[in-house]
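In what comes next, subunit A is part of two complexes: it sits with subunit B in the first one and with subunit C in the second one.
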Partner chain A sequence: MTKTLRQVGIDLQESEDNRALIEAIEGDNPDLTIRHLPGLIKLQAPGQIVINRQSVEAKLGREWETGEFQLAIVSYAGNFSEWDDDQIIVNWEH
Partner chain B sequence: MTTVQPRAKKLPLKERYSLLTRDLDWEPSYVSRERLYPYTSYEGIKIHDWDGWTDPFRLTVDAYYKYQAEKDKRLYAVLDSFAQSQGHLSLSDASYLNAIKIFIQGVTPLEYAAHRHFAFLARYLEGPAPRFAALCQSVDELRHAQTQIHTISNYNKYYGGFHSWSKMHDRVWYLSVPKSLFDDAMTAGPFEFLISISFSFEYLLTNLLFVPFMSGASFNGDLPTMTFGFSAQSDESRHMTLGLEAIKFLLEQDEDNVPIIQDWIDKWFWRAYRMSALVAGMMDYMLPKPVMSWREAFELYFEDQMLGGLFPDLDFYGIKPPRHVDLAIGEKDHLGHQVYKILHNFSFAAAFTTSTPTDEHMAWLSEQYPSTFDRHYRPTWEKHRRIEAAGGRAFFQGLPQLCQVCQVPMAFTEPSDPTRISFRHSEYRGETFHTCSDGCKWIFDREPEKYVQAWLPVHQIYQGNCGGPTVPDVLNWYGIKEGDNGEYRGSADNTSWLEWHK
Partner chain C sequence: MQYELRYQVIEPKRHTYQNVIDRLGDQPASRYLEATLDVQPTENFHYRPTWAQDRELYDDRFSALRLSDPYAFTDPRQYYYTPYVTNRAALHDEFGKTISYLEDRDLLAKLPDAWQAVLSSTVVPLRHYESGAQLVSVAGARFAYGTAIEQCCSFAAFDRIGNAQMLSRVGIAVGGGTAAVLASAKQEWLAGPHLQPLRRLIEEIMVLDDWAEGLLAVDYIDQQLYPLLYQSLDESALLGGAGAYSLFSQHLAAWFADQRKWLDALTKAWADDPERGVANQEHLARIHDTWAPRATEAAAALEATVGDIS
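Up next, the complex of A and B:
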């Protein structure tokens, strides 16, 4: 099955807590585009967006559970194809 | 010297999820499955394996309460500091609050309705995974209703129009638009409800409704609304996931489900889209500092993300983009203007105020709508300007015809001609029923026996069911007080605002 490159997106609240998270996502997703809207940040990338626990912890300087992502997210476009202890992946399946 | 603590040992997320949802389920022994779950067969949907449903968030009850408590803690800290610092004085303008009045009157009661119906699904869906997801959503929706009431109650101390939102939701003409949509969904079967509210409303359209709304709150100095909005939206992401999981699950279970689902998507896209017209008017006209036009939000959140991203994914299952989506795209340059004209004409009978846009606002609208604003809508506003310069204020002194399906006054125009009002009608049991568009007519003709029962506010007034025959009688029955309604300039809110900012 060929992988789709259609845009996926995640909208996050713009807050002090989320800055490290956004930096980690930027680092792990080189094709990411970022748009600022009042109060929120819209992240988009072709194909998929990956969030790695280890990258977030490195930026944050503390332990971080993938479940904490629920406190940051405002909206998304795509499908959570993976959500375990180490990684969250948003992509389109077909 | 610091010592590195090893991570506390715990079960992996997937295992924890499976133990705390599926493994807590049991097979009934002294009643039949059919008696335990009586509502999951009559809609024609075929399910072979309820365990095919998993929640991608893998949310468990302990994690749910932990994160929800944290969300509430953050929200109430903001509410307190806003109230303590007289934050309402730093809004962009008191007229901004008209959007929030429509929100508490129109949307908060829907959160409560959703709470009720997801509690029903949490009892009656057959699989433990969707039951638990529905239970979380039910508790979420109650939290949304409560946090919205708490947040907005602070404004009720200083401004009009916030006092009887619950009663108004049941009675007032423009609020029958959102109310009837939810009534329609709640009187459908459980699977249709999932496609209507979880998929068509939550996944397809809530981004378009809520995200620009909350960004607008942020831009206009309304920190508490922005905060409850984003707090609710973080739950909303889970609700979107439930909607997407529901549709994929139903499509994967049996090929015979595909045409049923397509039919529901066709109906509910248009139903939910028509209700969102109120948001179009709000985004284009009601924010003193506008943040994004309806057209731009529609392109970004619906055309790019849903038509460009989601529907190619659903094509795999044989699902096509919703019927009548071309009409929605075709009217994106008109919708906000036409809706605000209705609100502006009828705000003498509303629990909010309106006013003719300023020069600066019209310049923004021209920029956002280069192909339509100057040609079709600016002349109307300039006419209002002339009337107002002479000391008048034009309101429409009659009752509008309402669409039998969406219940919006019939003021939308023909797709091919923005100068002609679009009227459709159908005959049923020897009576004529009017609809505003091909989308609403199609929905009516599909289930006329349902829509002939609509509680249409205008008909109800004429039938004598709304407090009496005169405008003051009806306003009194609505709970609208002098000063809640009409023109913003010179209104009670405007007067206090100017007084506080001398």
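Up next, the complex of A and C:
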């Protein structure tokens, strides 16, 4: 049986601060598709989405803790398989 | 009866301002970029400055260090008015709390004598140094070409006033709420042999024509002074029973870390410039060779007086 890559997704609130976050996610995930809804941005990618603290900090111009991601997120599809100080990975584990 | 709920997306005619669209295309941009890119006037200057007739009012030739695109440098901290003010308000709030803690318990007045002497004869007089550095930054704010750089210089100038203010408050606290230490600190600055090389140096830098050279020259001093006074001395304070010193010096060390971010990025932008990079590197090397040894010399004179304690 071939393994099909299911889509994982994150929905983020659209705001000044989150824009830098979205740019960073866009840079780290080449297969990302972005949809704008009013007040909301839906990010989708096959397999997994990676968020790196360093790239977010570079875009944001200040220190950023991965915990702050909680403030941005509205909804998600997938599992948070990793959430440590430097990286967040969302994917389907099964 | 049924209602059908639908939403309708109204696409904005433009996502950002023209100055950003010209460079990055029509996409939402950060407030920092909107308030920075190509904001500086570049044409229709009606009058030339009477004191420099071969220059425009705003002219990138005011410094030997030039960028082919002045916006190739942007502030890594992305400071425009609001984030800068919020950030510094927080810094000074923290400092205010520290100093009132120190005052409530008379901790600075209770410092060991040797430490009090270092504070009043070496650290507090540096508020006059900060004042000189402020003038140099103001020159950058006026003569730098490109809003990104001017902004950083203006903020750096305000920072210097803030630093001088922190040192003054420490001086007042050491003097038990009087200005006596500030007055004696000024005498030290004017006459103390350990401070004269530094005073001479900052005064020479103040009258430099090239704003960028001045900025870098002051930075060479900072690179010696700040680690010496607010990091290595801080450590000996903690070990030597002068914790009060460390409590306030942490705020100046925090400021210096912040200052490094934009200056390092700017120096890198100068050196990496695609057209003027090579010329810039030559100027950077010349500026370094002229001022860095003098900064070391000035810091050494100062270090000699604080050396016994650490």
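Operating definition for what follows: the second predicted complex is superposed on the first by the 90 of 94 C-alpha atoms of A that agree within 3 Å, B and C clash if a C-alpha of one lies under 4 Å from a C-alpha of the other, contacts with A are read in each partner's own complex, and residues count from 1 in each chain.
We adopt the following convention: a residue touches a chain if its C-beta (ideal position, glycine included) is under 8 Å from a C-beta of that chain, and two chains touch if they have at least 3 such contacts.
Being a predicted model, the structure only gives us computed values, none of them experimental.
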Clash or fit (per the criteria above) of subunit B with subunit C on subunit A: clash
Which superposed partner A:37 touches (first subunit B, second subunit C, both, neither): both
Partner chain in contact with A:19 - subunit B first, subunit C second, else both or neither: second
Of subunit C and subunit B, partner touching more subunit A residues: B
Subunit B versus subunit C as contact partner of A:77, first or second or both or neither: first
Subunit B and subunit C footprints on subunit A, overlapping residues: 37-38
Residue numbers on subunit B that touch subunit A, as the complex places them: 7, 12-14, 56-58, 63, 67, 70-71, 74, 206-207, 210-211, 214-219, 226, 230, 233-234, 236-238, 240-241, 244, 291-292, 304-306, 308-310, 312-313, 315-316
Subunit A partner contacts - residues on subunit C that touch it in the complex: 7, 9, 28, 30-32, 75-78
Residue ranges of subunit A in contact with subunit C within the complex: 16, 19-20, 36-38, 60-62
Residue numbers on subunit A that touch subunit B, as the complex places them: 4, 6-9, 11, 13, 37-40, 63, 66-68, 70-81, 83-85, 92-94
